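Alright, structures below, take your time with them.
One chain, chain A, links the two complexes that follow: it is found with chain B in the first and with chain C in the second.
Take a look at the complex of A and B:
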């Protein structure tokens, strides 16, 4: 059955099956050890998805950049910088401030990669370091205003109809990204530029603007995730984004997006995020020492990619 | 006449020559400004702080030359650091066994990376992202809390001057033939020895040349019948070996092991920065481990400046980041030279 699916859908199907496998294994474990089935209760699952929303929003932005064959390593400190600046400004201006930081970082990243032609890997890494430096210099000497604003608390912690608002935000971002990718000229240009930039350029696509657009999307997503995360943890702090970079890349790649660009669907990224969130929660239910999850995490990524992420052999 | 080969070498190794010049300049100025500049004590202290990063940068270089990237170098260094903190103590034979076992462990991990990349056909960057997590897990499993023990004599002998090394192991430290070298720091000699004895022969071998060929054009290398699989596996294995050298040295220097995820990540990121500063192209096919060694030294000397200039420590990360960003932005000069706009998109 799997063999008949198109190459775009196969990773998504396999990852979805793996999510089922995680749920079954986790439930079996809790049944045996305590006789309860927390993993299957809607409340628990919604709570997991709520914490997954931050990763999901980061991964959505990261996917745009990876589709171009680039990568955005500045997500951790874009997230932290947006959150810290937003709490410092506070009040009604918090959200526009956070998004403005994301926009500025995205524009700068895009400029470096598209116009200066510096490999994104190293340029965004440098931007990440500079942002960290700015935040340390700005806040290091004194305790800044870092409380979450009421709007942050509402978006991250409140529930509407029993469903956390954060999930609605994540859903809205997801719809926006998938519409952009499948229904707009910009989305098509992203795929074209990611496949072969020279060919896209010769076809009349302004590839440099496409690159800037993708980095801006990534910056905005990271800023939004920082905004929500501040509400969730009730304050902004240095290094709050560090835990999101590698899982975001892993989620995008596990969802079938090719790391060299040009191929991948947003549904895959969604499935990849859910996979990683559930894997983390099952591992934390099992209460392993810190070493266990790391090893399992790495093994799962390699194992999944061996099933469907293999490159073609170079023969010419 | 004699200038022609030199000029050609300069043209072909612009990045490396620039890095060497930059390092010489900033280190000279550093020593002039330092109250005890040009003294053995300063050299010893500086080289101790630079060695681990230099090894990790060399480890990063080999996969980068292939056109790949190894995101696990920091984790492998941390893993070997933890292994060494378990094994490198006791009788001389045990110490020797511990050192060899540490280096073998790192090399084996590199080999595993290579096998996953070649036979699993997974992109290096994502494969090593995953194996890096595994290495970190193993390190945490070996050493859940920082600590461990490393032989004290070894620590003293390898982190000081030649004179101290000879003195510790009962050689005649004051013999006249040793006098010219007596003040040289041991760590920098270890670094240079490994670079010359391991990297230079590798680079000249068929496997080493194939690494460069694969980085320039893999399809062409395949068509020329070069041993591509062997070169890729060898590149990652050598990377694992260099990372293990870094981990072993860090364990000897600090007399402990520390499975710190943040530290591993910082080493990986700094290694990429050092590789770029050293004149190796991230696209693959041009550069070398010696350049990365110099790149790592540059990164370290910049941090030395913070001390003598007594710059506010809160500003340090910002300045480090700006230096990195400005340094890589010099790569943009290429965009001014292209005649055909299509050349930008390769």
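Take a look at the complex of A and C:
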């Protein structure tokens, strides 16, 4: 069955099957140990998706950058900086402030990669460190306001029709990214540039603007995730974004996006995020000693990439 | 007749169920220069890839000097004396010439590479291909395409071949180098080496080969000695049907309204004051030896190069486009079909439809959103107009044969309805049938009032297609030929800058 799927759909199908396998294994475990099936209750699943929303929004932005064959390692501190600046400003200006921080970081990353031609891995890593320094400087002398604003609390914690608002935000971001990627000239240019930058440039695509656009999207997504996460944890704090970098990259790549750019579908990233969130939660239900989940988590990522790698071998 | 050195018995190879070679019986003998002819997609590349150990046949057996062999890797084939130069150059751009030449088996001292011995070996091999001018310490990426191809030939020689396979090995060479390769092959022939020669240039095959084999649709049609068939018959064997006159007829010369005027164009030390002028409805050829500034001229006009000086007037407006985007979207649109379609012309891994639309997203969009109906109609129209033979528009463009890939590049640019079309060697490595389609297309575009400027390394093509030819030498136009003055001798003489030096 898998062999008949197109190379783009195959990783998505494999990841979806793996999600099923995680659910089945987790349920079997809870049935044996306690005789209950918490994993299959709608309430539990919605709660998982709610916590997954932060990662999902980060991964959506990261996917744009990875499609270009670049990477954005500044996500942790873009997220933290946006959140901390937003709470410091507070009030109705919190959201515009957070997005402005994301936009500024994205523009700067894009400028460095597109115009200065610095490899994104180095440049965004540097930007991440600079942002951390700036945040330490900002909070060093005095304690600024770090309480979440009412809007943050609403977006991250409230429910509409029994469904967490954060899931709606994630869904809105997903629709936006997926329309951009499939239906706009900018989205198609991202694929073209990631596939072969020289050919895209010689086709009259403004590749520098495309690169900047992708980094800006990534910055905005990280900022929005930071905004929500502040509401979820009721305050902004240093290092709040540290847990999101590797899972965001892993979700994108597990979803079948080629790490060297040019190929991948947004549905894959979505599936990848759900996979990682469920894997984490099942491992925590199993209450393994701390080292166990990390080893399993890493092994799963490497193992799945091996499976894709063998299928997606392309000769030209 | 001598025993064959390599013999195929009933070899078949399929890719995803599609036949690439079917029950092929084939033999080549020592001391021959054997041409493999056929359109793109006829199975020539598959044939030699099996011999070179890149592919393993699905059925049949291969004999080397009477023994059944099966190669697991190209390295094994090389150790058995079968050396292949592939169509895509296989040099590592960031290593030096000497590193590349000795890459598979570098001379060693105490287990480490002996650089001096390596350079000596490279120098000796380069001298054998009369390229003493190439510095063994130079990086390959700094060499022009024609020099790289000579390095590739030197590298192949260094492996001491019994069977030497040259796949389009002369496609980028200058005429002097082509002569060197001819002499070299004649010399190897005398030593009992069998050379397999794949080329789309009939006159090269004519001049060089003693045996010819024709392939079509994955089947071996016929093998015969040179002279057994006329050119027309050979072409008929290759494409399975008759072809009409090779070049479309030219219109009577008439006064033309100039659309592009270039005066004193300079760029670094590659362009040294180029003066060119083209009218609407005119096809102008750029001739000369490889690397005399033709490529740079086309790139400069398309807005790719930085720091170009001189005056350019496009339809009365002065100024050089600042980028390819500016070139294609000004009031007078300029298109460029680049030199290397695989890396500059196409996104190989992407669908055919996306490649076609890459230059024209704004024409199929409403606001920022692409209208999928409009887009698929535009794609269907473009494919029909150029008669591109494809499976589905969603297939990756790398599944197409070379000729069809080039048609996709051209179709992409026709979508923006350009006024000036620049083409850099548009028929390199393309089969006869597609070449003729491209010639006819160029003429019909010119008849519609487009201006066409094209560079070709094939003199017959320059003469057959162009209304006028500018010959470039050392970044300048040294001669402008028109009408009856456009002869092969005239172009060659101007290319070598003979008459100018004498004057």
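One rule holds for everything that comes next: the second predicted complex is superposed on the first by the 309 of 316 C-alpha atoms of A that agree within 3 Å, B and C clash if a C-alpha of one lies under 4 Å from a C-alpha of the other, contacts with A are read in each partner's own complex, and residues count from 1 in each chain.
The working rule: a contact is a pair of C-beta atoms (placed from the backbone, for glycine too) under 8 Å apart; a residue touches a chain by one contact, two chains touch by 3 or more.
From a predicted model like this one, the values you see are computed outputs, not experimental measurements.
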Partner chain(s) touched by A:189 [first = chain B, second = chain C, both, neither]: second
Chain B versus chain C as contact partner of A:198, first or second or both or neither: both
Touching partner for A:171 - first (chain B), second (chain C), both, neither: neither
Partner chain(s) touched by A:249 [first = chain B, second = chain C, both, neither]: first
Per-residue touch tally on chain A - higher for chain B or for chain C: B
Which of chain B and chain C A:262 touches, first, second, both or neither: second
First, second, both or neither for A:37, with chain B first and chain C second: neither
Partner chain(s) touched by A:89 [first = chain B, second = chain C, both, neither]: neither
Touching partner for A:16 - first (chain B), second (chain C), both, neither: neither
Which of chain B and chain C A:206 touches, first, second, both or neither: second
Footprint overlap on chain A, comparing chain B with chain C: 198, 201-202, 314, 316
Touching residues on chain B, where the partner in the complex is chain A: 69, 116, 120-123, 125-127, 129-134, 136-141, 144, 218-219, 222-223, 228, 262, 265, 269, 272-273, 276, 282-283, 312, 314-322, 324-325, 328-329, 331-332, 334-335, 341-342, 344-346
Contact set on chain A toward chain C in their complex: 179, 183-186, 188-189, 191-192, 195-196, 198-206, 262-263, 314, 316
Residue ranges of chain A in contact with chain B within the complex: 71, 73, 112, 115-119, 121-123, 125-134, 136-137, 140-141, 197-198, 201-202, 207, 242, 246, 249-250, 253, 259-260, 289-299, 301-302, 305-306, 309-316
Touching residues on chain C, where the partner in the complex is chain A: 302, 304, 323-325, 327-329, 336, 338, 342-350, 354, 357-359, 361-362, 365, 368-370, 372, 398, 412, 416
